[in-house]
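Structures are listed in the sections that come next.
Look for chain A in each of the two complexes below; its partner is chain B in the first and chain C in the second.
And now, the complex of A and B:
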């Protein structure tokens, strides 16, 4: 009894310590970046900036290349996510529910692409794209980013479809629904929250994807993250990078807010629990 | 109005399991037939073939003379209630019940009327707006029943609908289902492995083992006159004693009973309520334990070789453990080669 309480309280303390460290690690850099974005003058050795202001916001947002990049990134993410859903969701359903020869090998190959260093794969693909004249084009980037979403958009929905109770689907057939209707009215809504999470992940993931966008897109296609990297590389003004990265948080926040509205916290957890 | 005919139906699964083996059954209009059998005897498989969820390997299933053997579930006039209730958790009760009616393109006002009527029927009036997850187990099972009933199926199929409920609730729902079934006069096939359920509800019961029929008949007849040792052992409590018959006398270790059949091995079946006990020396049998149930008592006794028998007695206080008794059957049945060869 005593030893039990003692171990429990010790676990609690380490848990709290862990949470604090984690918070510092995650929130700390965010706070620093956010502070930089609103700083006009901040000289060593002061702990807080001498002058706050929106000067760099004005300068950054005043640049047409920033707006172009933002619009391009949103367009890219939307197109890639839609295409990915169109291709992956039916495939995921097939993997989850149908038996066909080569099913396991095919499923494995979808996931295997992500087990190897990505950059090598990208370079190989870039070589092929060069031949096809896809380098530096919108659709070239769409293609490369599509490959990047496959894992989320197959793996998670497969788990979601497999978790749907077969008896529920049979009950729907029993009251007169065709297989298509069962999919639409029962299977999809049941798997919905989890699938929505996958779609969200692939949207946000595509928005932030840098390697592929840079390798295939340069120089004609410049997405937000690519633009930010070039700012950081070419200019010594920290605030440009900071403003852009705060701007880049916007889609994450929107996505998270959507997630909270559409699916309750419980449903989210349940979806991943299978 | 609706008659179900199952003729020579066999189901062999891809692994080679003969789940159902040349099974035949006619269910009359308005009749409630219980399929009863141990786990794995093929009850669910048979029911699922009637519902259209499994295809028979061979055989024919007709409803009102129409061959439905190869129709998909959505085109059969059957309604199934699953053990796990299988309610759609993303819809409320009303939508669960209305779904099938909507598929039939019924006008909204009529749907509302029908749903309300059927909710009333299963004792859940006013529950339409509840989510199914906010209902108790018994209420969920009632909604599942209502979901089938609202479509007025010709054949109602129930696969152990109450198995997950507690004893008390099970008994109550059983009576309610029986009531509703008789009021609507709906032809019903009911799977259970609770024999009390089968005995109390069914017009007829089918005892199944290994995908085959062991016996079909009225519950009281099956109880009183089991045709095979399997049925004898499966329905109710039964003493099954293996022994030898010679010169018209059945014997097993000091226990003897006159049996006018040919010499050879035989199995004697005696109900506890048909086994009388009289006090005697301990040469024939000894009392092992006495249980007093208030209204009656149950005496466990051991024959000289340890064979355990049960006897139901009116006055358990007359017996105590270790005492010698003489067991005297009042009525028996005898089996040889899986067949009944004698009954008294």
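And now, the complex of A and C:
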């Protein structure tokens, strides 16, 4: 609250305090993990590692379970994202532009998943998959992760389609362009960047999705996050987990860069009900 | 996002009539998925746990799985630790995020931008990496122990594998959205209100209590609902950082379903979780829908 009384010339003490505390608490742990990834020897109680090096990068990347998990995760994320785009983008266009009975209630039905505690819902879905023999299968995990992407992949593109300038579309129609031509040349280029951001978010979100993959996929489907769980639980070599963490963080970092355009201006928080 | 909605023009008249069934067709698959994999599982979980087949093969109303849950010491301990964790996390989140949001709302410049970037960063750290970082920092012989040892202090009693482990992890994980939701609520508090109150001599606390708090109470409730829904049935962090017994409902459900092969038991636990969260869930959904509908 000191910020209310603060004038321009005084030093922003509360800001400095927040910056220091948050740097220690939020960046600090990540720096420790990154340090471990480039460490060859670090024995307690030395404050810095005795020996830095890349030895464990070679060892971690040489493990077949890491490669299998990475390939499986990329395949899963690609399949889920493509399927999601295939079924959600036309639906988003319909929600944004067409009138049909029950439009509003169907649009808000995608919120239903958010009224339940998530893992409870996953367990309820798993009980159904158990009867359908989808447990431990690739397509079982695809289905559960697909449901997780629905709301993002419909709501963000709906906003994108609605933001397209209707007068430009009508002008194009007036000079004789076909509806498909209008969509391809006018609508898509304007809505494209936001839709791309939604697709990217759903790819990255699926890549990191842990709970559905673990609950539905185990033991047959081992994605990167599931492999990481087993490394945390059973792996004695700390560096394997650290190297995986740094590797795993790369897609997230790309998402961070792209999400800036979607998240800006508090619009994102309003999407969450703020 | 919502500003886009406001600009939505009414659909063209000629397309409205001719494409009526076509629009329904386009939304059919996602809507079917929501019904099949969200609404139906919830109904199925409730109906299969209260409407069960008895020993003679007759189907009948039977609450025995709930009777077991609420009389079993272990289940009740798990429920208690879940409620405790959720409550402690909710309080901690408010205590931590409200000052950050207030600071960000009333300052501008490069330092607040840095603080905001830090507060949002955990959103882009997958919880699995967070769990690993937690163990390396707060676990036995972790970074904190190393630093304490270096200045000649005794080691900490590590929160790893205690109920405080999931609390710390979940609070860390939920800071970004709580800050963003509170910040968006604070955006609706006009500067004139505050200046007017200050002109008549109100101090910072009174401004906060009488001017700001009443205007952001809805945002506080939304932020709380969102974190309660996420924390109550969280799985990854309690599973990796929490004690094996008592365990939170998330790991408990997973173990009941996959290790004990008891879907009825797991669904009973899921329905209990639904019951405890229903008010928060409905409130949250209503707020989001109202924001979108505006």
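Here, the second predicted complex is superposed on the first by the 221 of 274 C-alpha atoms of A that agree within 3 Å, B and C clash if a C-alpha of one lies under 4 Å from a C-alpha of the other, contacts with A are read in each partner's own complex, and residues count from 1 in each chain.
Everything that follows uses one rule, which is that a contact is a pair of C-beta atoms (placed from the backbone, for glycine too) under 8 Å apart; a residue touches a chain by one contact, two chains touch by 3 or more.
This one's a predicted model, so the numbers in the text were calculated from it and none came from an experiment.
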| item | value |
| --- | --- |
| Contacts of A:44 with chain B and chain C, given as first, second, both or neither | second |
| First (chain B), second (chain C), both or neither touched by A:108 | second |
| First, second, both or neither for A:253, with chain B first and chain C second | second |
| Contacts of A:229 with chain B and chain C, given as first, second, both or neither | second |
| Chain B versus chain C, judged by how many residues of chain A each one touches | C |
| Partner chain(s) touched by A:74 [first = chain B, second = chain C, both, neither] | neither |
| Touching partner for A:19 - first (chain B), second (chain C), both, neither | second |
| Which superposed partner A:61 touches (first chain B, second chain C, both, neither) | neither |
| Partner chain(s) touched by A:36 [first = chain B, second = chain C, both, neither] | second |
| Intersection of the chain A residues that touch chain B with those that touch chain C | 170 |
| Parts of chain B lying in touch with chain A, wherever the complex brings them together | 51-53, 72-74, 78-80, 82, 84, 86-90, 99-100, 103-104, 144, 147-148, 151 |
| Chain C contact footprint on chain A (complex, rising order) | 1-6, 12, 14-16, 18-19, 22-23, 25-30, 32-33, 36, 44-47, 87-88, 90-91, 93-103, 106, 108-121, 123-128, 130, 143-144, 146-147, 150, 154-156, 159-160, 162-163, 166, 170, 208, 210-211, 214-215, 218, 225, 228-229, 232-233, 238, 241-242, 245, 248-249, 252-253, 255-256, 259, 263, 266-274 |
| Complex contact set, residues of chain A against chain B | 165, 167-168, 170-178, 181, 185-186, 189-190, 192 |
| Sites on chain C touched by chain A in the complex | 1-5, 7-9, 11-12, 15-16, 19-24, 26-27, 29-31, 33-35, 37-42, 44-45, 48, 99-100, 102-103, 106-107, 109, 111-112, 114-115, 118-122, 124-137, 141-143, 145-147, 149-150, 172, 175, 177, 180-185, 187, 194, 198, 204-205, 207-208, 219, 222-223, 225-226, 229-230, 232-236, 239-240, 249-250, 253-254, 257-258, 263, 266-267, 269-271, 273-274, 277-278, 281-282, 284-285, 287-289, 291-292 |
